Amino acid sequence: MSKREVYVIGYGITKFGEHYELNPSSSASQALSKAIQDAKISKDLIQSLYFGSLVSNRNGQSYIGAEVSRECNLNIPITKIDVGNASGAGAFHQAFIAIKSGLLDCIAILGTEKLSDFVNSSTLEKILGGTIDYQWEFEQGATLTSLYAWMTQAHMKEFNTTMEQLASVPVKNHKNGVNNPIAQFRREISLKRFLDAKRISDPIGRFDPATHCDGSAAVVIASKEFVESHTEIERKVKVVGSAQSSDKIALHHRETLSSLLATQVTSKKAYEMAQISSKDISIAEVHDSYPIGEILAIEDLGFFQKGDGGSATIEGKTQINSDISVNTSGGLKARGDPFGATGIAQIIEIVQQMRREADQRQVDDIKYGLTQNVMGTGASVLVNIFSNLEEDK
Amino acid sequence: MEPPKIWRERREKYLALGVLCHDCKKKNFPITQRCPDCTSGNIEEVKLAQTGKILYFTRVSQTAKEMMFYAPYIVALIELDDRIRVTGQITDTKFEDLTEGMKVRMVFRTLSKNGEEGLIGYGFKFVHI
Amino acid sequence: MNKLFQGIIMSKLGIVSYGSYIPRYRISIEEIAKVWDDDPSEIISQLQVFSKSVLGPDEDVATMSVEAARNTISRWKGNPKDIGAIYVGSESHPYAVKPTATIVAAAIDAEKELTAADLEFACKAGTAGMQMCFGLVKSEMIKFGLAIGSDDSQAKPRDPLEYTAGAGSAAFLIGKERVVAELEGTYSITTDTPDFWRREGAVFPSHGNRFTGQPAYFQHIVDASKGLMEELGTKPSDYNHVTFHQPNTKFPHTVAKMLGFTTDQIDISLICKNIGNAYSASSMLGLAHILNNSNPGDRVFMTSYGSGAGSDAFSFSITDEIEELKSYPLTVEYYVNNKEEINYGKYSRYKGILR
């Protein structure tokens, strides 16, 4: 494998939430401009833009890249990468490969989504239907939420995971989100509130899913050679692993519902690339679109034994500055989930933590940080690993 | 749904068809051009078992516009008697009356309606026996 | 020429298999009467109907027809590709243009070498399909024909029809091999009698109230039944069982008496008590229920009635083959007993009255 080193040299992110006044390309342009500014380099040095979005093409404009390039005055290749609602991390992975290949030296990656434009929730359900087996799950009546309900049931049945353990995931993430200025929800929610809520797809309750919102996030990545030859770059975070793998899209084709095989395979590949093990990870941003998502993630990524995710969470082992700090940003749950932007937002949280810009949610003594972005119910999973060891402060 | 899709998928949706591989002898669902286990093209269409049992089930209250008329409805992961697993709705049954492992039988129902003027989507669902 | 068959048919032609379907939901006469402040005991004593069947929200005439057709095929255990004709008689086809029969053909795997059509003749479109199949099989143009009567009857809220307009489906496979009910003859009456109608585009049907009785239902059934018995030289006492169209329970009882049939002969067919008037499926469900309760050597008489108006009369003789088919589990009786009561609110939602 190529020994070329890759760094994140800048980031930009909008506030996540409902931004009815912004059109999709303006939101995207905001994040991109901020990222370029943050990198301290001239925008003309960026050689290519990769962007990830699940639905940016559903509101008329089929290629918002063109609008973004005009708004940011960039005349560079712009390519949309499609990994469903994990397109943000998908775009990052492809950009990482492009730098590793030696062909490019500096790439901007943009994740964007404008979900408040879809005021009818049936429309969004149908869009999410595209992230599961559309013909044999969605058209048969299943929705993303109902499939996560089965996964939750499977975990509860096999490992005696309790409703309290499940609810302790969003309780923790909302607590973390209070201190994240870009989070959609900056307030704590009690365990009781989660437990008492009406069940929308048993055992999933009304407040359990992450909300679908607007947001854009961008990072600029560059090769070591590029960083060394541009002294204006002040801060950099090293990318030491980036991997993606797939699983059967339909739950009815999988061996188990209580693990995400794609998370296990992808993280193994990423750990090998980084030459570390799960024990070396200090902070992780994982896909908690439903409470079970985080429990599956912290088990399948190897942080805890299979089946122990629920008890580890309720015992506080995933809080900030505990065994492993999981979703210090508030996760998808408190930050909000603008699909394509989420994968990049996760990376930005790790970068902010490593640059010690996370204020009240700052984790101490970070060695390695990891992001995990899930497409649908795990048909595709992306894992990125970042190192804090040789950061020049 | 558009006419070509309804037309193309009618056999598998109406009849619940899978493929049987003559080389590795495995049965799979849905219809594919090659055996998903051994990639052999030496396959034939076969009907799936018409009865099975519920592995997982839950309720759906928010779904695509074409299916909202039926909501809230029950969706389940079913293991058919030939060990093939499928996703399908449980109809004519109250949520409170369902249990894991309950025996079900395939029935023919409407799955979606495209407004007052569009096409009707038909397919299989399940009722408990 | 009103004689479709001359005298007794010599070659064995008849019903090869049968299947039925009745939706699960029921609404009681009492529940409907409550909404309109009617006296339920008066209505029940008039109609002798206690509840009617109601389609679930995911059902229509096509789905019911498919269920009845599949029960017919499964009971028969033959190859659906051998079916050369499918006719679906109904006045509530899901599409105004796009035949229900095509959906049935695909759903029972009978595509694609066959003829098919949807028929409409109020409540006798299904038996008209049976006659067409008998003709095609008899003339050896096809090997087997499938005739289905199926309806999701519509009634304007508060119309007296609302108490009885039910739903159901019955299918008969017609052929010459392994015949379970041999056709002895069939005979029809057709007149231009405006007793019940629905204009194109109208949601609910209209009717002539008491006019639907004497000159319509009774006259046509009596004429067709007497005509066939005269042709065949039979009399009511020659038959073990008889079924007529069942708009309620009182009408078939009355017409049976007019013709000289006894209560014992008609009683078994009267599923109307529990499911109401299944329109095109009504007399056919009665026949399917009779077949499942008949023995070799029995003779069975059926006369349908369709508003507009017409009647088809049939005479059958049950063969030894019937025993083979009686063990199939999904019978009329199974469906009559497989039920769930709903209130008027749910009924309105399922029927699409609430929009």
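Per-chain residue numbering starts at 1, and chain names A, B and C are given in the order in which the chains are listed.
The rule we apply is simple: a residue touches a chain if its C-beta (ideal position, glycine included) is under 8 Å from a C-beta of that chain, and two chains touch if they have at least 3 such contacts.
Nothing here was measured: the structure is a model prediction, and the numbers come from that model.
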| item | value |
| --- | --- |
| Centre-most chain [mean C-alpha coordinates] | B |
| Chain located farthest away, centre of chain A as origin (C-alpha) | C |
| Most extensive contact between chains (C-beta pair count) | A-B |
| Centroid spacing, where centroids are CA-atom means, of chain A and chain B in whole angstrom | 32 |
| Distance between chain centroids, defined by C-alpha means - chain A, chain C (Å) | 60 |
| Junction residues of chain B - those touching two or more other chains | 70, 89, 111, 125 |
| Contact footprint of chain A on chain B as seen in their complex | 9, 30, 56, 58-65, 67-68, 70, 73, 75, 77, 85-89, 111-112, 121, 123, 125 |
| Complex contact set, residues of chain B against chain C | 10-11, 14-15, 69-70, 89, 91-92, 107-111, 120, 122, 125 |
| Contact footprint of chain B on chain C as seen in their complex | 24, 56-60, 62-63, 66-67, 70, 94-95, 103, 106-107, 109, 340 |
| Touch list for chain A against partner chain B, complex | 120-123, 125-126, 129, 133, 135-143, 145-146, 149-150, 153-154, 199-202, 204, 250-253, 257 |
